[in-house]
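Got a structure for you, questions after.
Note that the chains are named A, B and C in the order they appear, and that numbering of residues resets to 1 at the start of each chain.
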Amino acid sequence: MKEVKTFQQMYRDGHVNRREFLAAMGALGITATTAGSLLSSASALAASPTRGGSVIFASNLHGPDDTLDPILGTSTIDYTRANCMYNGLIQVWDDMSLHPELAEEWSVNDNATQYTFKIRKGVEFHGGGELTAKDVVYSMNRHIASGSPSSIKSFFSNVIEWRALDNYTVKLNLSSPDADMPVKLTQPQAKIVKANTHNWWEGGTGPYTLDSFQAGVKSEHSRNNNYWRDTGQWLDGMEITAITDPDARLNALLAGSVDMATLMNARHIKKIEAAGKSVLSIPSGLYGGICCLKNTAPGDNDDLVQGFRYIQDRERIVRKFLRGQGTVGNDHPINVSYGADHCHELPQIPYDPDKAKYHLNKSGYSEAELYVAPVIGFIEEACLLMQANLKKIGFNLKLKRVPTDGYWGAVWMKEPLNVVTWNMRPTANAMMAIQFGPNGNWNDTFWNSDRMGVLLKDSLAETDPGKRHEMHCEMQKLVSTQSGMVIPAHTNIIDGHNPQVQGFSNCPLGQFGGNGWAEFIWKTG
Amino acid sequence: MSESQQETGPSTQFEELPDAPPKRKIRLSWPGKIGVSVLIFWAIIVAIGPMIAPYHEADILDEELFIVPGSDEMYPDTDFQPPSKIVLLGSDYLGRDTLSRILFGARTTIGISFLATLLAYLIGVTLGIAAAVGSKALDMSLSRVNDALLSIPSIMFALVLIAALDSPGIFWLIIIAGFIYAASVFRIARSLGQEVIVSDFVEAAKVRGEGLWWIITREVLPNIAMPLATDFGLRFVWVILFISSLSFLGLGVQPPMSDWGSMVKENLSGLVYGSVAPLMPALAIATLTISVNMIVDDISAATGGKLAKRMIS
Amino acid sequence: MLWRAILGRFGISLVTLWVVSILIFIGTNLLPGDVAQIILGQMATPESTAALRAKLGLDKPPIQQYLVWLQNVAMGDLGISKAGLGAGLGTPIVEMLGPRVYNTARLTLLVAGIAIPVSLFLGLIAAMHPGTRLDRSITFATLNLISVPDFLVATALVLIFAVGLGWLPSIVFLRGDETGWVLIKTLAMPILTLVILVSSQIIRMTRATVLNVMSSPYIEMAILKGVPRKRIILRHALFNAVGPIVNVIALNLAWLVGGVVVVEQIFSYPGLAKLMIEAVLMRDMPLVQACAMIFCATYIVLIFIADIASILSNPRLRHPK
């Protein structure tokens, strides 16, 4: 289509932004996913999908606790497999808009305490049998059962019950208003499984079925010929594995041993492209930061945290460690990727060693210990830079390097100073609520502000864009000045792939376009 | 099994005479002499390295240093730079000076490995001689526990201990490495000690009525000192490589401290760019280990080359 | 007497294995973190943790836990891994180990099949012509190879053969049905790396041991008598050096089974060592215990075989004084 090409040129030349581009594509009747791929790859100008072939996907982490049970998913490899094998009720598009998936449509009452979902008819499970309301209720009840191991259990703490009204209608009753419930249902853990199943090898309703699975080794998948929708499913099959060592992962991509390698370090982009491979770099709200726990020393000291903020050489981190593939952070999670909710009025915190020295002197501390794990590409480097800069002003920051495996259970939310990474959430409100909601399960700096709670609740109900923006601004200011969070930079989601593999979406919520690439991509020649 | 090797070890079959202290003077061949000079060089670096280093090991060099005069590039790359006047051996993945890090790292690398080997010897020799001169029951129980410890792959052993201690600091790293290597030292010390204890001159001393302590200090220790010293050298080298393997798994020293093994690891991706950053510390390790081996070869030759078969552990 | 000696070694091996089991049990219990809490992760509550502890038998005294574990292991029941346990579906460790043991055994045998003959040959050649240019180059090359970290050797080979020349895959993707040439090519990188690492050790030891035997009085006598050097080495020295050489080989085989973490990590090879490291990092105690038992048992069996070989190779050893 000529219009598409024109828009692609305009996008590349910076005349339209991502949001406008996607809106235009929507107007042309192009799905967000296809539009995303048009947007992301220059070669898409000429490419047309071809059927056949298979790909090898290398994630960054796997092990004996790899799981096919969606509610247990914690890592990119789990999410990717979940997207191959299952569907959710609702899906999120690249522009963060929500669309029906297994729920054909949904409705909500005025105060957002009751939802009704119409379940799609004629959807078959891999192992046979049609999807009904019973399966949906079963799947969702697994999150709220007592002792449930679900990793997003906290999302559903306000659920009273899921009830099947008939074979194709499900009703959800909530104890408190929740306008974000549909967003929560797009999470990879909220996939729909077959009722009463305990055999995850059987799979769900997803675009690819499971052929083999070895935890910590690999899984193989092939096309579900009985899929309920036409999204391409170009590939015959795929092999999903992980290469834990970043250098080995890079080399595997360069040597052509894998087609897709996730989480590439920005510094290798030039090398990857010089070797004839492609890089997918998607701007995102994804960030790496430092958590100073506010309920214990030394994080309870505001001056210490303030000193840590001023010592961040944010420009250099983005320039050197991210090679420009990211944006400077302003100590709150809501960067430009969140669109209108991003507070551009908030002044940028500068790199100012003098102010840092002033605050650190005032804090009375001259040393501290920070736990570091390479939870995200640049964080270790950023901490080393911070350490070197602190040394110059006479503050001794000790770094304690620990392995990534087990980090989230043993260090995060436990050690007084630790590093953290958060994926982007579909809305600013969801992001702020999950990390800074008062007394939230994942409030990882233990900063509880009543004002924050009020703003989170009110902004969900606020319909006036101006007022809503003001509320978000206040929240971002609160977080960036009072919480224990230091966010030096937001990074693009950077993946590397064989140029023959095309059609990736631009969804910024996870690796390779939100981990949901399986049913959309194709491999040429 | 140490016992079987000792009692039935091939060493006993051709030798009619007991081991006597090595009387032959050790003459160094030219590779041996080079080895000694290299070791002296590194010993000096351990002492003064941080003082002569152009930068601190933690310093991430300013971009301004790398600005080429006349170029309008305000923010030139600082990482994986080739050797130049600013960075004599090039810069690493973070833009730190490789030379400075090697100079600082000498103290960490050699220090940790040396102390760990020393600890291994303290434990291993004490228990090994105790087993050699002590009762059969003591010998049996020590040897079985030792065999069991030896059977666990050392890297796995370290992994479990490090996990158990929650990623401890250098102090515990030394203790762990020393403890793990004590098992092989025990084996050698016990086997050497037993050979001496059944020798004619010790029998003679017993007949003279000398005490156990006298026999250990005057007869056993002097007689096993030379082979043990040689083994110490090789063990030291293995500990260096062992610690570097731990660094590969992210379990070595804490940043920004530099040890040579972790320097190789953290700059490994530089190989793709033809950077010397990972090669320089590897070269430092190699000079050290090769030197030790060359000296050991000379000593080994002087003491009748009986060492090799004892090293099998 | 011969049989008594062998039986004695056998007894010692069994005792060692028993001591190993105690050490492993103590070692894994030293690991921080409550297994139940680790399994439950973020969702751990005091009640659910206590319930799971009871279910896993962790509330019993350590000695009782040890005895139960030992009995189970002896019966071939290695327990349940935490993999999938959160959903009430633990994976039997025996099932998880199967493919890993197969992979490790396959790689070990292939490496041993190449490395042992090659290194015996090179070691003997070097020992036969000590001091010559050939000997010096073999000695120098092996010395260099054992003097650098193993991950550097592996990475350098990857960059040469996979990234640079594009001849071989940089990591191992096993489909399970490879045979013959395809299998060799798939496994080529780890095989090459391990053959280089293992051979360097064996060559040096073979050379040293043979030279050592050569310096013993009876060989010196033979030399004085004018027996050709080549014949001395092949007929006398080699036979007497079998014990130590077999021992070195046994130790290297044991290392190939349990010590090749770094190489398995770099090539993403699904072997036992990688499984154990993952198990330790995830505090999957039953899995750690199972892997450790396999490594130790392998070591003990290999050393036992080496002992027997050295007894058989030497008539005098059959009749210890």
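Here are a few things to note about the model shown:
Quick note on the criterion: a contact is a pair of C-beta atoms (placed from the backbone, for glycine too) under 8 Å apart; a residue touches a chain by one contact, two chains touch by 3 or more.
Remember, it's a predicted structure, so these values are computed and weren't measured experimentally.
Here A-B and B-C were compared by C-beta pairs in contact; the pair with more is B-C. Averaging C-alpha coordinates per chain and comparing to chain C, the farthest chain turns out to be A. Here the chain at the heart of the shown protein, by mean C-alpha position, is C. With centres defined as mean CA coordinates, chain C is found 41 Å away from chain A. With centres defined as mean CA coordinates, chain B is found 46 Å away from chain A. Distance between chain B and chain C, defined via averaged C-alpha coordinates, is recorded as 22 Å.
Each of the following residues of chain C touches two or more other chains: 32, 155, 159, 163, 265, 281, 283.
Counting partner chains per residue, chain A has residues 247, 251, 254, 403, 410 touching two or more of them.
Shared contact sites, meaning residues of chain B that touch two or more other chains, fall at 166, 268, 272. Chain C makes touch with chain B in their complex at residues 5, 9, 12-13, 15-16, 19-20, 22-24, 27-28, 30-32, 143-144, 146-152, 155-156, 159, 163, 205, 208-209, 211-213, 215-218, 240-241, 243-244, 247-248, 251, 254-255, 258-259, 261-262, 265, 273, 276-277, 280-281, 283, 288, 291-292, 295-296, 299-300, 303-304, 307, 310-311, 314, 316-317, 320. Chain B meets chain C in the complex at residues 1, 3-5, 7-10, 13-16, 144-145, 147-156, 159-161, 163-164, 166, 237, 241, 244-245, 248-249, 261, 264-265, 268, 271-272, 278, 282, 285-286, 289-290, 293, 300, 304-306, 308-309, 311-313. By the touch rule above, chain A contacts chain C in their complex via residues 56, 63-67, 69, 71-72, 147-151, 153, 198, 200, 214-218, 239, 241-245, 247-248, 251-252, 254-258, 275, 403, 405-406, 408-410, 441.
Those residues of chain B lying in contact with chain A across their complex are 56, 58-60, 63, 75, 78-79, 93-95, 166-167, 250-251, 254-256, 268-269, 272-273.
Against chain B, the residues of chain A that register as touching in their complex are 246-247, 250-251, 254, 265, 267-268, 271, 316, 319-320, 372, 380-381, 384-385, 387-388, 391, 398-403, 410.
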